[in-house]
Amino acid sequence: MESAAVKILYNKEVAPKYFKLGLSWKTPPIAPGHFVMLRVSDGLDPLLRRPFGIYNVLGSKGKGTFKGNGIELVYQVVGKGTQILANKAAGETINLLGPLGNGFPHPDGSKKIIMIAGGMGIVPLHMLAKSTEGAVLLYGARDKKVASMAKDFKDTKCKVKIATEDGSVGKKGLVTELLKTELKSDSVVYACGPVGMLKQASIISQAAGVKCYVSLERSMACGIGVCLGCAVKAKTHNEKENKNYRMVCSEGPVFDSEEIDWDAL
Amino acid sequence: MESAAVKILYNKEVAPKYFKLGLSWKTPPIAPGHFVMLRVSDGLDPLLRRPFGIYNVLGSKGKGTFKGNGIELVYQVVGKGTQILANKAAGETINLLGPLGNGFPHPDGSKKIIMIAGGMGIVPLHMLAKSTEGAVLLYGARDKKVASMAKDFKDTKCKVKIATEDGSVGKKGLVTELLKTELKSDSVVYACGPVGMLKQASIISQAAGVKCYVSLERSMACGIGVCLGCAVKAKTHNEKENKNYRMVCSEGPVFDSEEIDWDAL
Amino acid sequence: MGRTVNKKANPKLGVEIAGIKFRNPVMTASGTFGYGLEFTPYTDLNKLGGIVVKGLSLNPRQGNPSPRIVETPCGMLNAIGLQNVGVDYFIKEKLPALRKYKTQIIANIFGETIEDYMEVAKRLSDSEGVSAIEINISCPNVKKGGIVFGTDPSEAAKVVSAVKGSSRLPIITKLSPNVTDIKVMVKAVEEAGADAISLINTLTGMVIDVEKRKPVLATITGGLSGPAIRPVAVRMVWQAKQVAKVPLIGMGGIMNARDALEFIIAGASAVQVGTANFVDPDSAAKVADGIEEYITRHKTSLKDLIGSMKVG
Amino acid sequence: MGRTVNKKANPKLGVEIAGIKFRNPVMTASGTFGYGLEFTPYTDLNKLGGIVVKGLSLNPRQGNPSPRIVETPCGMLNAIGLQNVGVDYFIKEKLPALRKYKTQIIANIFGETIEDYMEVAKRLSDSEGVSAIEINISCPNVKKGGIVFGTDPSEAAKVVSAVKGSSRLPIITKLSPNVTDIKVMVKAVEEAGADAISLINTLTGMVIDVEKRKPVLATITGGLSGPAIRPVAVRMVWQAKQVAKVPLIGMGGIMNARDALEFIIAGASAVQVGTANFVDPDSAAKVADGIEEYITRHKTSLKDLIGSMKVG
């Protein structure tokens, strides 16, 4: 965990409003599911850092955890912070805090891995795919252009099945429909994407008696567990600290889906 | 007067922290002394526009007033707004409000024109120099690098005498010392620069019974006379509107130096 | 945001407040739009629901020494000191040109004594073209040793009922945010006869030049406006709405239609755009266009939006 | 801004408040620095004058439902609901590691009844390593039907004297800015026995999601912090200084040394850095370095700077 000013290697639009951002950074060990917080502006507006998952560790061939000389992020322009980010050019520096959070529990090899991603949820799963074998990725994308990101999985040993909202590639409809057909009793599910999708994935998995890990998103101020802003309600009570809430930044972003009180989300 | 999104033609550092900014703009008629307000950021911080004098009207050979297809500004990086401006590149657009204010009263030819500039005060005088003949510019600059801007006056019919703080070019010391030697009873003085210099120029001119016009700077919010923020105290009372204050943006920035209550500045 | 051309008022955008019909709920805030005419090179005054002119006093006022403004993070402080041309000059020199526009003209007034307020209100009532009076009570009461009318409910009520008694025009009372409980102020001025309530005026603040170790403003403190204060302003409008029976006009940091909609959804029947006019002199018209676009997109009307915030 | 390496405290930077010696006037604000230890990967705790820990209550608290935070122009709203581990857990699990650092540890406390406040204060006094107690009075008094201790001078005074009576530690009282006249609050808590006063806590604000027509925060309103509120905070510290006899600790939107110096020049003996810790976890240490640089450059001392604002 460190706070560092890092250089932008590239910042290119790979699909409309989707950017790949390469950052030069001699990384500490990074696990799939870790994220970073970027300060998109040196000014006071926007004031807070923005959280982004890690898509790739550059110059590393690690497994489980990765150490490299850079990272690659993928982000979608949705508001003013990501818009400012999109305007940055190679060579500029940006301040980064990370790696943050807890990654996905590393699969022990005994189960069949199903990854399910919605939209930007593909980001941490790409790292996971790189450190596992024989997994399948179910990828729900808005359209063909976004779905084209799946080609990045060619360098992983992972099969990809796509669902698009408009039916332009793969199955037309929701990616959770793919999960229903794919799920076996010896599966383990790793999910990242919009809350609605995660909740569905959780219900489907629990019904099948299968473990499902979800990576959650929440508005964040600090990213390091101190502001207590990114709370999600848990079903289980933490006895030691006597609390019902979990901090997504420091106790997550990956949780066992059974731990989460989905109705409170 | 208009509010327009204009394209940056160039934005180059001509001396350390001094930039020339070319803007593509089909201008309304512009007189020497007019200024524009630029919105340096689309975001909320900095919130207010920043005022800048007009150094050149591009593609115009007018006299008195100028109409062209662009303007050139010269600015010094002094704070966060000008720093953001310095980071902009050719091709980007920027929002401009202008031309604003009242220019210098056009010399009627009966008097010997002395222009006196301190630092950035050279900006509006450059325009004035272009529309007059036989004038002399007394230019007080920090050092040689800044003083080098005087070469821009080669295309005007105007003699330049320089004073630098460090003595690296011209006379070492204050430019107001040059004024003392230059001033004749048939002179008229046009001054722009730091308040201290303007006050001195005003005192020297008044002692010699010579008219002195000064271009003032003041923090501005609106630039169009409505916020009443840029007030300076006048010596004379405006009977019609029953007021002692003058708005630098709409009633100035050029004033007859006798009108100003220098002790209140 | 798409601009629409000047056209007949959209009935879904209209609103009636204190008997005045506004073609849309967007006005410009006092002190930020001069006397309106200064903006004709940059915007179409006919696109505005209303124009609230710079605060008027009985006699012309010189205002405060300079510096009077300073920028702050996402905001600005002003200490103009209510410089103005005086009510008579306004009626004679500004009003005739202003009333030619299809927009409601609201005169913002202030005084240092209750008698001042009454006299200004009387003169405005006798003139033609003013639709309503907005009372600025954020002024020190010189007779009461300088306590501010606007932070004392009983003093505020006195001003309101005195003005109400001196004028045939609808009275909007503009509240100061520098109070512990805005609801108390709302009730006080409502009972005193306010036909509508506008809020918020500026929050008191200051900036120090640390190199000189002096306040930047000549008057030490000034009024904070701009987007920095918007969360406080929206909160106060929402609180006011819990108790108010008269319509509310919300303001504080509105830069665009989204911001304005926060106030309307919180309970304001109309909004005022202030500091944004300095950043973009066409702001208020753009806000009106943006609200219209929202109303069309959501197939709703202004009436249905006012106070429509769902809780829980 | 140049960073200095960890070294012996500069005597010109030291300050004594309520008998506690701070190596420099920079502390971290409650609720923005956790229990301090979370920041060790990013900053050197030994560079801080003090650490004010997250507000502690008698029993652990769950806090509010989510969403709890939202960004605003140059600021943020929070409605954490004072989630915390409880005073006993803090003393047992956090304090032992924390007191190893060369920085003063201040425990921020709150309660829903006066008895709660007293009991928390008592347990902290009995433990080792806490230098002072900061009382957060911006909490609703459940026994008094939810009125906020911090906006009623007599309720605030009751809390302060009760805590004072239950503890041998110096008492800092932290004031809410949501009041008409901060001077009244200053006098009330000072007379009740406060050894120092810190200000300001957050301004109440709200943000509405206009597409959903719902408040963004689950609790509707939250507390506004960050640079947006700095002009209000500096003004209140300056006003407080007019009447305060005890030392003041200023905060609200401090992002760098220049900002901190505004508070000191206005009258604060020390400052707290809050929201800035989220933007840069090394902020507070950088503020301390910057103040030292200023003091060296101006050949002055902290003591001479406090309240040194020249007027006129």
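We call the chains A, B, C and D, going by the order they appear; numbering starts again at 1 in every chain.
Operating definition for what follows: a contact is a pair of C-beta atoms (placed from the backbone, for glycine too) under 8 Å apart; a residue touches a chain by one contact, two chains touch by 3 or more.
Worth saying up front: this structure is predicted, and the values here are computed from it rather than measured.
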(request) Would you pick out the chains that touch chain A and also touch chain D? (result) B, C
(request) With chain centres taken as the means of their Cα atoms, state the distance from chain B to chain D in Å. (result) 46
(request) Can you check how far apart chain C and chain D are, centre to centre, with Cα atoms defining each centre and the answer in Å? (result) 34
(request) Calculate how many whole Å lie between the centre of chain A and the centre of chain B, each centre taken as the average of the chain's C-alpha atoms. (result) 54
(request) Please set out, as single numbers or ranges, the residues of chain C touching at least two other chains. (result) 73-75, 226-227
(request) Can you tell me which residues of chain B touch two or more of the remaining chains? (result) 44-46
(request) Between the chains shown, work out who touches whom and classify the graph as line, ring, star, complete or other. (result) complete
(message) Per the contact definition, I'd like the list of chain C residues that touch chain A in the complex.
(response) 73-74
(request) Provide the residue numbers of chain A that touch chain D in the complex, in ascending order. (result) 1-3, 39, 44-49, 95, 97, 218-233, 241-245, 264-265
(message) Help me check something: in the complex, which residues belonging to chain D touch chain C?
(response) 72-75, 77, 151, 178-181, 203-208, 210, 212-215, 220-221, 224, 226-232, 234-235, 238, 253, 258, 261-262, 265-266, 294, 305, 308-311
(request) State the interface residues of chain A toward chain B in the complex, per the touch definition above. (result) 41, 43-46, 80, 84
(message) Give the list of chain A residues in touch with chain C in this complex.
(response) 44-45
